[in-house]
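Take a look at these structures.
One chain, chain A, appears in both complexes that follow, with chain B as partner in the first and chain C in the second.
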Partner chain A sequence: MVHNDIHATPAAGHRLIVGRDGLDALIAALRGEGYAVIGPRVRDGAIAYEPVDSTADLPIGVIDEQNGGHYRLNTGPEETLFGYTVGPHSWKRALYPPRQSLWTAARDAEKGFTIEKPDGTPPRQAFLGVRPCELRALGIHDRVFGVQPHDAGHGAQQFTDQGYAARRAEAFVVAVNCGRAGGTCFCTSMGGGPQAEGGYDLAVTEINRNGWHDFLVEAGSEHGRAILDTLPGRRAEVYDVQAAQAVTDAARGQMGRAMVPDVADLLAKNLEHPRWAEVAKRCLSCANCTMVCPTCFCSTMEDVTDLTGERTERVRRWDSCFTLDFSYIHGGSIRQSTASRYRQWITHKLSTWHEQFGTSGCVGCGRCITWCPVGIDITEEARAIHDSTRGTAGGTPEGTNEGRA
Partner chain B sequence: MAASRKPKLAVWKFSSCDGCQLSLLDCEDELLEVAGAVEIAYFLEATRVEIKGPYDVSLVEGSITTPHDAARIRKIRDQSKMLVTIGACATAGGIQALKNFRDVDGFIKAVYAHPAYIDTLATSTAIQDHVAVDFELRGCPVNKHQLLEVLNATLNRRKPVIPAHSQCVECKMAGTVCVTVAHGTPCLGPVTQAGCGNLCPGFARGCYGCFGPKENPNTASLAKHMAELGVSSRDIAQAFRSFNANAEAFRKEGDAHDDR
Partner chain C sequence: MDGTLPTRVNASPAPAPDPMDTRPFRIVRRIAEVDGCFTLHLRSLDGRPLVYQPGQFNMLYAFGTGEVAISISGDCRDLTTLVHTIREVGTVTKALAKLKVGDVVGVRGPFGRAWPIEEAYGNDILFVTGTIGLAPLRPLIHEVLHRREHFGKVVICYGSRGTHDILYEKDLHRWRGRFDLQVHVTVHSAPSGYRGRVGSVANLVKIARFDPEHTTAYVCRSETMTRPAVQALHERGVTSDRIYVTLERNMKCGVGFCGHCQMGGSFMCKDGPVYRYDTIEDIFTVREL
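Showing the complex of A and B:
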C-alpha cells in the first residue's frame, strides 16, 4: 500500500515487541482481510516464495549457504524463522508474472475483429519476508513500470504499466530485516543495507537475546499501523530498538561480496575491453541471471492463433537480453555474440540504468552470482575491469579492441 | 482459412520410434480440430487412406539411415510445399546416430545372423542434411503443444512461437529450483533448447538435452563445470551423446570428451 520512493526516509516509528504468536496473529489478520499471504518456505532444497498459512510454514531453523553457482540449505539456530537470506525467487514473480495474457481477439463478420481483455481484478497479495534489498528492487520496479514518477534527467515518465500498478497497489508489504548476510550479498556496496529504510507496511526484526526469541515490528504505513495495533505484544523500548539495530549491524559486517566504487562510470568508459571476451568463454548465455534478478524486467510479446485463425491471443512473457531473439530487428539479431550480450546486461544493470531510471538497476542481492550455473560473479567482472584500469585514471587500457564484442 | 479447399497434410516416417507421430494422435481434443482444419492425406499411423500429392504440409519424423530413405525423402520434398521435421531423429539423427561414432559393419556382424540382408548407411542423419527443411521442431519426443503451435502457425501463415532459448528460462518461469545450483546435479539445461514443459528439472532431475542445443550453446563451459561437479570425462561424453548426439554442438562436445 506504500509507494515510498526508495530514497525516502523511514516512516515515523510505531513499534511493538511480539513473540511468534504475534506473527501468527499478523498472518491471520492479513488472511482475515482477504490477503493471500506469500512468504518464504522450503521447497526442493531452497527458500521459495509461496503461500503460507502460519509461521509453522516458514523455514524454521534453516540457514542458507551461498557462493558462485552454489546454494545449499543447512541447519541454523533452532527456532529461528528468518535466518536465511534471499533464494531463487523474488517478488517480481508476484507483481510481474512470467506470463501475462494481455488480450484476445476474435474475427467478427461485421467489425472485422473484436478484442477482449482479461479480467483486470488484481490479486490481493501480502508479502511476508521482503528483505531490504528486495524493498529497493520494488522501488526500482515502481520507477520502471511508471508507478513512482521520476525524471532521470530527460523528462518525466510517460507510461504506467496498468497491470503492475494494480497489483502493486493491492500488495501489503511485510519487510524482514537481515540478521546475517549471505556469501553473495553485497547490498551495502550498492547503497543499501540489511535494515529496511521505508517502502513497507510493516517491518520485522528477529531478535535472539539471553534465551529470549522475539520480534520487533515497526509500522511504515497507516494500514500497517492499524494491523500492528491488533497484535499481541508489548510496546518496544529503547533497548529493544538497540537490540534490533545490533542484529542488522552484525549483518552489515558480513557481506560476502562488494561492488567496486563508481562502477557506472567505470563500465561506461570500458565498452571495449578484453574482459568481455574473457567472460564470454564462461558465460552460458542461459539467462538465469536475468530471470532471478529482482529488477530485470524485459519481456517479449507472443501472438498465437488457433487452428482456424478465427481467434488470437497476445501474451507477454519474461525475456532476457541473453537470448538471440531479444535483439532481433529486421534482418537479424544485433547481439549475436555472448560477449555483446553479457556487456549489454551488466552495463544496463550498473550503468545506463541511471540514465534511464535515475537509479542503479542493482540492489546487491547476489542472486545472479548464486544462480549462475557456472558462478559468474558480477562484482568480480566489474572488479577485473576496475583493476585493469588502475593507473590509467579509469581510461581504456591498450589493446582493448581485441575484446571487441 | 478463407481457402476454398482444406490444406493437405501428410505425416511421414523414417528411422524412428513413432513417438512423435503419437504426439499428434495424443492431441486428443485438439486432434478433431486438426482433422477439421486439414485434409489428412497421408498418415499411416492414423489411417490407411492414402491421397496422392502434392501436399501443402508434410510433417516428417525419423532420420535417414538407409539408401532407400535418402531417395524417398527427396520425393517427399518434391511433393511438399512446406516440409516440417518433427523430433530429434528428424532434426539431429536421433539416438540411432550413436552408430555414427562406431564401426557399423562391426555392429551388423555382431547382431545379425545373416549380415548380407542388411542394407544400411554408416550414419544416421537429420532430414536437413538431405533436403531443404522449412521448420525444425525439436524434442524427443516433440511437445504436443509445440506441435500444435507449428501447425497453427503454418496454417495461418505466421512464424511459430517456438523460442530457441535455454531450458533454464523455462525452469525459472515455472519457479523450478535449479537442480545444479541447489543440489549439485549435472544438468544440460543451460545448453539445451526449452520446450519440453520442464519435465526433468520439475522432478529434481537434470536435463537430458532431449530438445537439442539451444541457440549459441556454450557446451565447453558447461562441460568444464560438470567436471567440477565430479562427472567423469566418459560420462560427460555420454551426456552429450544421447537423443541429439549428432546435433553439431553436442557432437563436438561429446567428441572432445571421448578418450577412447
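Showing the complex of A and C:
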C-alpha cells in the first residue's frame, strides 16, 4: 500500500508511539520468533549492517558526514539512534550474499560426477533500519531476481533466483524513515523520498520534541501489526503523526545532490559523448561504486577444486562491470577502455535498466559518490552531459526520474 | 518504479527446477573437426531429452574447470542426441577438448531466443556464415530443409580462411548435391591451382540468386564480419527487418542474473543471441558497448 497522505488512514491500532524500550521490545520479540536481527552498528569508523542484540548496539548519537570520496562519523548533539544516513553496506549483502556456494560435486566412477546442493533453508533475518531508498532497492532486486514479475525485458523469459527468493520471503523488514539527508543523498530526484512508501513490515520514525525522544512505529503488514500490538507504548495521535511528517519533510529539504531530469533518454542519446573520456581520466575502475551500490547485481562464477581434484565447488560471487575480465570473450575484452566501462555502469544504472526491469537502477542513496576514492559524482557526470546538450548552466532540476514503465 | 511495492513479497521457493542446476550428459561420440574444433554427441544420464529450438545454446560444464556458453549444432528433431561443436580456445573449452567418449559433462539449458522460422514462410532463405559460424546455424538449416515446401529458394553462403578449415565439409557436399539448394563456398586464401571461389562471403551475397524483396537472411558470423555481411545484404536490397544476426558476449549464468552479456538494454542470454537486425542497428556500431 502506498500511503503518501498520512492522514488518509486512521491512526488507531496501526500506529504506536514507543520509547527506546519499545524498540528493545521489538528486537526481543523478533529474536523470540527466531529472527537474527541485523541492524546498523559502528565498525571501523563506518556504519555497517551487523547482528544487534539491543538498541545499545546501535550507533547512539552518531552522525555521518558525507561528500564525494569523503565519509566521517561524528558525535551529534542528541542521543539519536538513527541520526546517520547510509554507510557502505546495503541489505543486498543479506539477501544476495557476496559469495554463495551453489553446489559441490565429487567425481564418480559410474556417473562422471555427483552434485550435492547446500541446505536451501534460508536464514530467518530481520532487517532493522532499512532506509526508504533501500526499500526501493529491495523492490528493484525483487524484479532483477524474478521475485516480482514485470512487463519490461523485451518479453524474454523471466527466471527466478531461488536463493534470493527464499531469503527474501523469510526477511522481516523494519524501515527507518530519514530525519536527515546526507551530503551525497539525492533520493527525491530519483522519484523517492525520505519517507517509506511501503514494502516494510514496520516503519519507524525517530521524533525528537524538545528533548523528548520517541519513535512512531507503523505497521505495513499483518505480521508487522501482530508484533506492533505486543510493544509497550501508546496509541499515536494526529499530532504525533504530524511530528513524524515534519521529520521527513526536513530531510526532504536537505538533499546534498540532485539528478538531472529525463536522465534515461539523455544518456541513451549520448553514447558517444566526449564526457566519457573525460571521466575516464579520473576513474580508477576500482569497482567500489558497484560494490556499495544497493542495486548492482552482477556476479561471476568460480570453480574451486581441492588438491586431489576429486571434489569441486561452484561459487557465485559479486562481480563488477569495471573489471577488464567482465566482458572477456575469446579474442579479448569487449570493454577495453575505462571510458567504456564507466559508460556501461552509468547507462545501465540510469537508462537501460528501464528497458530490462521497468524501473531505474538508481535510488539516489549517494553511496557511489561517497565511496568513490576520487569522488566521481554520478549526478555531476549526468549533469555535465545534460548541460552540454541543452546549453543550460546548472540550476536544480526537480525530480522527474520516476519510473517510465 | 510504479510505486506499488507490495508490503510483503509472496515468494515461496519456486517448484520449477533451479536454472543454476547442471544435468549430467555422457559423451557418446567425439568427432575431430577442422581448425581446433571438435563435436561432442551427448546423451543425458537421466534419460530426459533436452528439447531445444535452432539458435539456442547450453552452458556446458567441465568438471572442476567451469562453464562455457556453446550453441547447439544438431538436428533439433533428434532428441536422442545433443550435438555441440566447440572450438578449443579458452580454459573450459580446452578442458572439454580433453574429454573422451564415456566421460560426463554438465549441461544447463537450453537458453536464449531461437532463429524465427515461421516469419520467413513464403520467402527465399539466405544463410550467410563462415568458419565455425556454421555450427549455430546448422540446426536451422536442418529445420528449413525439414520444412522445405514453405520456402522459395534456399541459399547457403559459406566462407572459411583456407581450403582445409571448411567446417562440416561433408554436410556442405551433401547439401550441394540437392537440387533445391544453392551452396556457395568461398575461401579467403588458397594454394595455386585451387579451382573453387576465393574471396569474401560478402561477395557470395552479391552473386547468389534470390529475390531480395522476399528474402529472409540469417547471418552467423563474428561481430566484425557481421557488418560487411549486413552491408552486402543491404546493397542487394534485403532490409534490416528481414535480417537476423547472432551475437556473442561473455556469459556466466544464461538467465539474466550475472550481467556479463549485456549489450545496451538487452541481456544477450535472454533477449539474444539471435536478434532481428533492425532492433539493434542503432547500437550495433557503437564501439565497446
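Criterion: the second predicted complex is superposed on the first by the 374 of 405 C-alpha atoms of A that agree within 3 Å, B and C clash if a C-alpha of one lies under 4 Å from a C-alpha of the other, contacts with A are read in each partner's own complex, and residues count from 1 in each chain.
One rule holds for everything that comes next: a residue touches a chain if its C-beta (ideal position, glycine included) is under 8 Å from a C-beta of that chain, and two chains touch if they have at least 3 such contacts.
All of these numbers come straight from a predicted model, not from anything done at the bench.
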| item | value |
| --- | --- |
| Chain B versus chain C as contact partner of A:360, first or second or both or neither | second |
| Contacts of A:373 with chain B and chain C, given as first, second, both or neither | first |
| Touching partner for A:45 - first (chain B), second (chain C), both, neither | first |
| Which superposed partner A:234 touches (first chain B, second chain C, both, neither) | neither |
| Partner chain(s) touched by A:209 [first = chain B, second = chain C, both, neither] | neither |
| First, second, both or neither for A:334, with chain B first and chain C second | second |
| Partner contacting more residues of chain A (chain B vs chain C) | C |
| Partner chain in contact with A:291 - chain B first, chain C second, else both or neither | first |
| Contacts of A:282 with chain B and chain C, given as first, second, both or neither | first |
| Partner chain(s) touched by A:303 [first = chain B, second = chain C, both, neither] | both |
| Doubly contacted chain A residues - partners chain C and chain B | 303, 305, 309, 336 |
| Chain C - residues contacting chain A, complex | 1-14, 16, 18-22, 24, 26, 45, 63-67, 87, 89-90, 103-106, 113, 248-250, 252-253, 255-260, 262, 264-267, 270-271, 283, 286-289 |
| In the complex, chain A residues that touch chain B | 43-46, 48, 69-72, 88-89, 93, 98-99, 281-288, 291-292, 302-309, 317-318, 320, 323-325, 336, 338, 370-374 |
| Chain A-touching residues of chain B, taken from the complex the two chains share | 1, 30, 33-34, 36-37, 148-149, 151-153, 155-156, 158, 161, 163-166, 168-169, 172-178, 180-183, 187, 189-191, 204, 214-218, 220-222, 224-225 |
| Chain C contact footprint on chain A (complex, rising order) | 1-2, 102-103, 105, 107, 111-113, 115, 117, 120, 135-136, 139-140, 142, 144-145, 147-148, 153-154, 156-162, 165-166, 168-169, 191, 197-201, 220-223, 271-272, 297-301, 303, 305, 309, 312, 316, 319, 321, 326-330, 334-337, 339-340, 344, 347-348, 351-352, 354-356, 358-360, 402-403, 405 |
